[in-house]
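In what follows, chain A forms one complex with chain B and a second complex with chain C.
Here is the complex of A and B:
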């Protein structure tokens, strides 16, 4: 009896958490599949009575959503790729080759991560204007990589430490040079770490709003966060369409997370505990 | 012999060279995208540039004088304070409660460790649309649910200048609390079970164990989370801009939104830069004060 009483607050908290987190996500999902009449009904239905794909059809034919989606995919995939390359190289240099001053550089990486991106927007715009990179997808990729790579380098630290050093020595005895060792031996072992980093960079880029809102001007180069908010401004009354757009924006961020999320959470908590 | 000493003498240096070459891309990116612009903000703040990137001349500290005597700027700083403290309190409380329940052994608790993070992973623009839809005064589920229990005529809080700020803090907390929850959960797992068992033998109840064991042992992680989390939430523009653009009537214009508007709506780049510099200095001062006051004491 007492044990049951002790568990009650726990169960109640869990119930509240479930409703607060999954409730809104459930609600937009069902809303996206309702037709125009049902979504505005005064007594809301919990399950769509006549599920329809009309909202999605309209989204992909009548709006620029496909363009935004393509741009977001291009920018996010390139960001993930370059972040993986840059942070793997840097982490190998810092934590495996241990160049002089590695521990200080690592501290600097963390400080840089806390610098407000928004406050850098104005001068950054000028830098990109000088380089004639304003209004290109490359500008977004460069900014995203610059903001994700420092943190990801730090995130890879734990994964590097988990690989025994004896392995390097054994490979060195076999005559493997440092570059071969890096690419042939360490790289494959670091796959979980790299996928974590890749997912983080992908999601960061997928979400990024502030830089994308100013560094890109042309409609055909805009990414989803900008595009979806423009659609929101244009079609305020068409909630079904907006919900379909929101759902299609959420799914590509959640799916990779489902696969690499475990490592991701592990990496974050390991970093936090240190 | 000579060969051997040459080999051992050369290897570390070539390794270092390779090491530097590997770190170079990251270093160049950080200098180019973070370091140089940071320096440039200071230079820009001493000029009279209008549209970002247009020609300008040196004007000294004029922009600083104007910013410091600008009531709107101080209003924005005040709202940033409310924003920061509001987010910190709400998120810490929810994150703690979440961390306590997602650690269970049941199937649902284990699954919750994944889905709890969904609000954090989804793009801010989606968060903004979701909550505007949920709270829509005509069709939103929240006003309807409120009406069902007898609270009628609930409008959208984002359009109400008194409610917009608290509503945005709640929305933003929904977006960010999973990060804190997971970090706290990870830290809790490092506390040895034996401590709790010993306390239970001594007759301590759950409440007492939380305040006497869990909370003190988590102090270092809470300190770090408080610092990093506060800096992050201070800098948030997208959550606010996507929903209210700083309105209604500046009710949600925090310092970063103020800067964003100055630079890209009013086209006064140098003023924005001066305000940025002042903001960074204030932020650094607050962070320094926080570290002095809240840093956990080392065990003797």
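Here is the complex of A and C:
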């Protein structure tokens, strides 16, 4: 009895936290299946009384949502891929090879990460315009990688330190050079770290709004955050459409966590204690 | 074995690295602002899918006439357009046609790409007859800087069914009646009125409608200096503070969508907004169209005058050369022809009001189902438009610096100081006056 009482505060806290975290998600989900009148009803319904797929039908037929979805997938996958490649190579050089001044360079990279992105908006736009990259997905990938790579390089630091240097020495004795050592010895052991980096970069890109809103002008290149904002519109809001769009946008961001969430949490912890 | 797997993975990653950028490039269209040799780029900020589709239909109809320059629309976001147009003009990738409102025009003109369209406006005026209020806000330095396209005006919207339940027979005409009705209609979970108090343009506009009917619409001197701190402004803000007490408790976060949602759900009985309340009313409220009432904005009991925020949306021409500019003007001529104007306005029936005499009579507009169903309210909005005004552009003004004031939502901040910080209306108005002076001086 006493043990049960002792557990009560913990259970109550967990219950409250669950409601706080999952409550909005539940509300978005059920609202997406309600009609326009039921969504706005002053006495809200916990479960849709007349479930409908109209909001989803309208989302995928009357709006450019499928285009936004495709663009977001392409940009996010490319961002994740290039971030993994760049940050892995950078972290290997900085934290594994004995290069003079590596610590200072690593510090400089983190300083670059601290510059507020919005300060770079206008100059970046002009540079991309000169390079004829404005209104291309490539511009978004380049910007996203520029913002994710410094942090991800630092993130990999803990993973690198967790791999004993004895392995490098043993491989060197067997005749492996730095590149072969990087690809054959370190890369397989770094899979959790790279998963962490990939998930971080994917989600960063998936939710990036500021640069996407400035660098893309064509409707057929817009990404989801911009598309959802467009569905909101000015003066009027179609709440059902917005809820359906939000739900379809959240799901792809959650899926990577289902597969790589364990590594992600572990990766942040590893980075913190090393 | 493990090495082989690793090798396959590396090859796969490399292949992806090659193929995916190619896919990314595939969708690239290059810098679009200036369009290609025979395409004019049009930027508008009417993002909801129904408006995008309706505008596109008009553009398609124009392109089907085989003009020398075809038009391609690109939809932009009002929240981003200030930075975006600035960057685009600097990099010479601006659109040929840019939709605008009066204060945004004062922001874009100094960037240096806006072409005067005086001859075109005069020509269209002769052919279709613009209302004076539609044109005035775009005239400065003896030139017109944009072609007026559609108007918007605020009204008092009320739920007739909720009024009947509360025993109220007529819509309020004065401030005291408005407040008394709001108090009477506040009962249980129902609130009398929904007015926004978020730091946004929606709050700017609603408080300004009350300022206009209280005689405080012009807050500049004849010389263009800020004169916001005056008794009429304090009175309007005092009323607003009282109305906020009859509003839902989350009014501090309200913009446009929330008051309409509360109104249609029956959680509130009144709201002050534009004609977007017409089209979705039946579907969202589950009530018949006859339950939707509309009335002019109530006036101050003493010294009040008819009024409401009203402004015309327009199109600026930013083409880099004369030939393209002529192409842009041809498109705007096409839009304002009565047979094309209706489908354009009915992108959001009731919200977008005609600005020309022949447009207001055109069957292409009046035959729309929403316009016919709510004919009384549509007529009332057109009538209200005649006494409408916009901050910085009333009484023949053209205040160059108004964009600095509206861009910072200083009117909304003044409301917030009363609503959230509990400041007195007089002190908040004094603060707003100071902020406006500083904004203008910068």
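In this section, the second predicted complex is superposed on the first by the 246 of 274 C-alpha atoms of A that agree within 3 Å, B and C clash if a C-alpha of one lies under 4 Å from a C-alpha of the other, contacts with A are read in each partner's own complex, and residues count from 1 in each chain.
Going forward, a residue touches a chain if its C-beta (ideal position, glycine included) is under 8 Å from a C-beta of that chain, and two chains touch if they have at least 3 such contacts.
Owing to the predicted nature of the structure, the values given are computational and were not obtained by experimental measurement.
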Chain C versus chain B on the shared chain A, clash or fit after superposition: clash
First (chain B), second (chain C), both or neither touched by A:24: first
Chain B versus chain C as contact partner of A:173, first or second or both or neither: neither
Which of chain B and chain C A:47 touches, first, second, both or neither: neither
Touching partner for A:126 - first (chain B), second (chain C), both, neither: both
Residue contacts with chain A in the superposition, chain B compared against chain C: B
First, second, both or neither for A:246, with chain B first and chain C second: first
Which superposed partner A:214 touches (first chain B, second chain C, both, neither): both
Touched partner set for A:112, first chain B, second chain C, both or neither: first
Partner chain(s) touched by A:63 [first = chain B, second = chain C, both, neither]: second
First, second, both or neither for A:8, with chain B first and chain C second: neither
Offending stretch of chain C which, after superposing on A, collides with chain B (from 81-89, 279-287 or 387-395): 81-89
Shared contact residues on chain A - chain B and chain C: 40, 42, 85, 121-122, 125-126, 129, 214, 229, 232, 239
Residues on chain A engaged by chain C in the complex (per definition of touch): 36-37, 40-42, 62-64, 71, 74-75, 77-78, 81-82, 85, 121-122, 125-126, 129-130, 132, 134-138, 141, 183-184, 187-188, 213-214, 217-221, 226, 229-239, 241
In the complex, chain B residues that touch chain A: 14-16, 18-23, 25-27, 29-30, 32-38, 40-41, 44, 52-53, 97-98, 100-102, 104, 108-109, 112-119, 121-126, 128-134, 136, 138-139, 141, 144, 174, 178-179, 182-183, 185-187, 189-190, 206, 221, 224-225, 228, 231-232, 234-235, 237-238, 241-242, 256, 259-260, 263-264, 269, 272-273, 276, 279-280, 283
For the chain A and chain B complex, residues of the former touching the latter: 6, 10, 13-14, 17-18, 20-22, 24-25, 27-28, 31, 39-40, 42, 44, 85-87, 89-90, 92-94, 97-100, 105, 109, 112, 114-127, 129, 142-143, 145-147, 149-150, 153, 178-179, 203, 206-207, 209-210, 214, 224-225, 228-229, 232, 239, 242-243, 245-246, 249-250, 253-254, 257-258, 261-262, 265, 268-270, 272-273
Touching residues (chain side chain C, partner chain A) in the complex: 2-3, 6, 10, 13, 16-17, 20-21, 23-25, 27-33, 43, 45-53, 73-80, 83-84, 86-88, 90-93, 189-190, 256-257, 260-261, 264-267, 273-274, 276, 280, 283-286, 348, 351
